[in-house]
Amino acid sequence: MQQMDGSADTPELEQLYRDFAANDMAPLWTQRDDLMPMTPAPQAVPHVWRWKTLYDIAERSGELVPVGRGGERRAVGLTNPGLPGTGYATPTLWCAIQYLGGHETAPEHRHSQNAFRFVVEGEGVWTVVNGDPVRMSRGDLLLTPGWNFHGHHNDTPNPMAWIDGLDIPFSSQMDVGFFEFGSERVTDEASPPFSRAERLWAHPGLRPLSVLENKVSSPLSAYRWEHTDAALTEQLQLEDEGFPATVSQGHAAIRYSNPTTGGDVMSTIRCEFHRLRAGASTPATHEVGSSVWQVFEGKGTVVLGGVETPLETGDLFVVPSWVPWSLHADTQFDLFRFNDGPIMERLNFARTFVPSAQ
Amino acid sequence: MQQMDGSADTPELEQLYRDFAANDMAPLWTQRDDLMPMTPAPQAVPHVWRWKTLYDIAERSGELVPVGRGGERRAVGLTNPGLPGTGYATPTLWCAIQYLGGHETAPEHRHSQNAFRFVVEGEGVWTVVNGDPVRMSRGDLLLTPGWNFHGHHNDTPNPMAWIDGLDIPFSSQMDVGFFEFGSERVTDEASPPFSRAERLWAHPGLRPLSVLENKVSSPLSAYRWEHTDAALTEQLQLEDEGFPATVSQGHAAIRYSNPTTGGDVMSTIRCEFHRLRAGASTPATHEVGSSVWQVFEGKGTVVLGGVETPLETGDLFVVPSWVPWSLHADTQFDLFRFNDGPIMERLNFARTFVPSAQ
Amino acid sequence: MQQMDGSADTPELEQLYRDFAANDMAPLWTQRDDLMPMTPAPQAVPHVWRWKTLYDIAERSGELVPVGRGGERRAVGLTNPGLPGTGYATPTLWCAIQYLGGHETAPEHRHSQNAFRFVVEGEGVWTVVNGDPVRMSRGDLLLTPGWNFHGHHNDTPNPMAWIDGLDIPFSSQMDVGFFEFGSERVTDEASPPFSRAERLWAHPGLRPLSVLENKVSSPLSAYRWEHTDAALTEQLQLEDEGFPATVSQGHAAIRYSNPTTGGDVMSTIRCEFHRLRAGASTPATHEVGSSVWQVFEGKGTVVLGGVETPLETGDLFVVPSWVPWSLHADTQFDLFRFNDGPIMERLNFARTFVPSAQ
Amino acid sequence: MQQMDGSADTPELEQLYRDFAANDMAPLWTQRDDLMPMTPAPQAVPHVWRWKTLYDIAERSGELVPVGRGGERRAVGLTNPGLPGTGYATPTLWCAIQYLGGHETAPEHRHSQNAFRFVVEGEGVWTVVNGDPVRMSRGDLLLTPGWNFHGHHNDTPNPMAWIDGLDIPFSSQMDVGFFEFGSERVTDEASPPFSRAERLWAHPGLRPLSVLENKVSSPLSAYRWEHTDAALTEQLQLEDEGFPATVSQGHAAIRYSNPTTGGDVMSTIRCEFHRLRAGASTPATHEVGSSVWQVFEGKGTVVLGGVETPLETGDLFVVPSWVPWSLHADTQFDLFRFNDGPIMERLNFARTFVPSAQ
């Protein structure tokens, strides 16, 4: 053990360090580098999961593990290799593939953790949010903000899998979570094409006069693929016509928003959808906070911390804080992403750095 | 002239009042009742204008008065009978019928006053807002927030008329207005089905990632009838299904909102659309601030300060501050309204009183 | 009467204009210049009132006009010469000298209008705000935000005069005012050195944990001269020491703020105090919105719209919207000002222009 | 290993779990209880540290460990016994005793972590924040918000110790921290009685007009004991006089606030000061989020999760999330506390539960 100036230990110093430990104390000077690095030094590492692998394993879970009360969900989390044993994708975000067999039901519960589902393929499941059945179809983003009861039921004989995103790691580390069990089966087994939430809220720029107070989380429980696709298509067409609309050349993107505030859909999780034209690239970008991406369609590559990886439909990858990332599109390349941007912004830690923009 | 306690005048007192006047002073005690009434005592009065009359006179203006630079618009304002000579519909709001003949153009200009147009009938005109041509069709709300250049051009051989709403009286009385002339003809004579603003912004709950800062006024320059109608239809269907969605039984309504904030479309003007089922009524309601309503479709009556008036398509009426109003629908009854709600709320003067709710 | 293009009248046109009038309509094209000027064109004019004159007339009012219920206050408003008959100092602001004789009481009432008092000389009166007696001394700013009951009582045998500032013109023109009479005498005749509001709130940066919700108006009912003077003194000393602290060279200033929000003390009225070193000047400045200034101490001049006027203690002047103003200090020159800045900012009409800064 | 329904393992199931591990996946159903407990289940435990012990050990550090570049500070963190090896007091907060010998200097640096110091005894050190020397005296709260350069220098021959509070655990776990070294010695070795920040900002309700934009963190770098003590004294006197002022009977408290917003002093850390009359108690209270308390003066007890501990001047204790805490005062009992309330509130996880209030 060394002193702050690197001089050798003495018996007095050794006793001092023993007394620190015995009295639940820890000197800063031996930890400063670790506790306060020059730039974010995440334990989490960049990683790519293959959809094919995830789906195959989830399918086997479907055969071997029944879904029901207690375990609650047949969801298998992506565990960051740098955070072994945690089940965390990043220090703030949990991401899982959830698998529901034909005619199965995942029972209702609620928790303070914020959750969403994104559907990369398949259909046939309705998620019931506070009694409101919400169809889950390809390309849709479905919200279950904190403390809303929710369950899922498969209205078809065929299985369906999707990804879940939650702020479980944040909630767990910050000790903020509450949980309650609800009914064994979903409280409404109907399978309407549109939820009541959408029927009230999915009209562009129009708010029901019956709900004028602002909501902490978006009241719009489903963001349909048709709208997302149309928004991205228009951005690229506007770019073609010579008008500003895209984030950068060939890169269209939308952020899902809470129509009562214009802000993020939930207080801890930001959701976005990105589309790159074939051949387009994004510059290497450092961001404070962590992200999870899923390829929705197309082929391309991601460079994470200098390592390039080819990607296909359904593949997922995580970007830990401050690790530079960039994308390149071989075909038109559609990607969903979620991150902890609202945490970073609301607590004033957000920072972005694009070396090429210097 | 009397003293505060009602005693008779004296020469000294008479001299005092002369000295007040001579020195640009005015005693509160003789004015208190007028300056500070027990409840709002507007000079503006409730009034109904008939669309048929307005349209007929506007049409004759079209024959007799050319549109062009200087006068700028062939717009005829509704003058509140209680505010003669002002051209004001209420102390804050200006409302006009604007008429544009076949192939006519109203030249471009900009002003700090906020403006919108609402179309009760007709089609064929494009309003060009900061170079972006916006189609004007029946049931549409079109925005021209303060300091955006705008002009109108009629792309057809047929005339078209609509209503304009502005905060001219507020701006004029508060001395906040600036004005600039723009080009003689509109800067883009195209007639696309959708404006670029809509193509970027009219996707429910989706924001372009290229425009993340919030906007003082809504960037969505057109709110289309199809969306408004769908939103109201859904509210009434949800009510039929037993779910909360309407303002009150049989009364559906939406507020047009700024997608970047969820708030009102402009800083001084609130816009709403109301639909009553046949047979439905609203309770008599007092509100601080003034409103202008236009019947969009259907038949019914309004009671303004106790006086009932039957209404038909296109008819307009004003509700001065604190004058109780109620509606009754004979058929399905669709009405557009705009008011100065944002002024009242932002300055903390908003108050509503529904006697029957006591 | 002329057409938009200046062509001569015809019988048809004359009939059209008659029909406009008969149907409560007014064409924009004949009014456009007036309704929408190129820059704000206030009817209000710059004007200076001499404190000596105001005080002398107020004193004579004290002899001739009793104070009491109905008239409510022995307050004499400054009437802008450009707004004759209104009693308004500006289109938004009312300003009066109020005079209370020895041992007199002004009865309690409340109103939605926001009010304050500023004391340029004298002492001995307590204003009782919602039952809390607030001492009024030289240099103090005392608040009575909308809908707080308040009365005044003179605890001494000597008269006292001060200025009142209210948003009466705004409230009156916008029809937002409510009024209620309270008790004939003040509800607490004590004369404590500090109000309960100050004892709770006048601790820099410290909020009582018992009141965590934010308040629309400042809960701090008294801003004492000692604090204002100290703040300005420190700014000038910091400037002397070479640190940024003043608005411009030799010009110190503070804004009175609501400690629960950091914003203005009331939703419609901004209050500030300015101190210029002897010899200092401010650049000619155009501002949207109107201000009233009172000299607190010292000698100097104001230039209003190009006209220079010397000023002494107690003198008041108004600056209508967009009229350029500048100050020059002959001695150390202390001035209180209030204006309608919060209205302009909350409704997005604020603009400032300093020609010399171009 | 068991299935969701508790049935026995099979070779297929065992293979499945091996494949989870091999592919960086983790099933939710075996972790659900841990990841999503029914109520917050912190690893951190309640704990009390004795000031006498801390001070003695810090003093020995002063003899044995020089302060300087690299280790940066002679600060010894309180390590929560439930979070061994971390140096964290709670999952979000770091708290240390810092010790600076006579005429020693702790070099300048800056970091994105938010920091403050609170002085329970002693004097003679100035902390220099962005070049502004801030005196540190008994009872003062001194701020060093994120990314401000700061160092400390002892202007006397006597040592001084105080507590530091930072959001190091939050920053470290969330990977948001940046760090930069500054000058070896403080950039201004003066020892003025008041900092420039105080001279600009410590005037109740008064903002310098030269700084109108709101600040993320409080610009007031020192909250002096004189003001805190006066505020608490007034609250208890108001209570004696029969007026609402205290949190509960005999319990006065203030929150340190940012004068530009009225909100918390920093984006992640809330600071408060509490005073209980002799004999007063607070009810057992559960709160989401964690707190650190330090006794400033007086004697009393704390009950943490049902365990009562007597406390004296300088003693520190931590309250993990949702662990019920209550205080009892034997003498007048003054306590400083800081917690992560702003994180909980800004991300919508705040909840409080007082069983006795049910």
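In this document, chain identifiers A, B, C and D correspond to the written order of the chains, with residue numbering beginning at 1 in each.
Convention: contacts are C-beta pairs under 8 Å (C-beta built on N, C-alpha and C of every residue); 3 or more make two chains touch, one makes a residue touch a chain.
Heads up on the chains, UniProt names are A, B, C, D = Cupin domain-containing protein.
Worth saying up front: this structure is predicted, and the values here are computed from it rather than measured.
Between the contact lists of subunit B and subunit C, the overlap is empty.
Inter-chain spacing, taken between the CA centroids of subunit A and subunit B, is 43 Å.
Subunit D has its Cα centroid 30 Å from the Cα centroid of subunit A. Our note on geometry: subunit B versus subunit D, Cα centroid distance of 52 Å, whole angstroms. With touch defined as above, subunit D holds no residue shared between interfaces to two or more other chains. Taken pairwise by the contact criterion, the protein chains form one closed cycle in which every chain touches exactly two others.
Listing the residues of subunit C that touch subunit D in their complex gives 196, 199-210, 212, 214, 218, 220, 223, 227-228, 230-231, 234-235, 237-238, 243-247, 253-262, 265, 272, 274.
Interface residues of subunit A, counted against subunit D in their complex, comprise 3-5, 10, 12-13, 16, 19-20, 23-32, 34-42, 44, 47, 49, 53-54, 57, 60-61, 63-68, 70-81, 86-87, 91-92, 94, 96, 111-113, 146, 168, 170-180, 216, 267-268, 288-290, 320-322, 340, 342-344, 346-349, 351.
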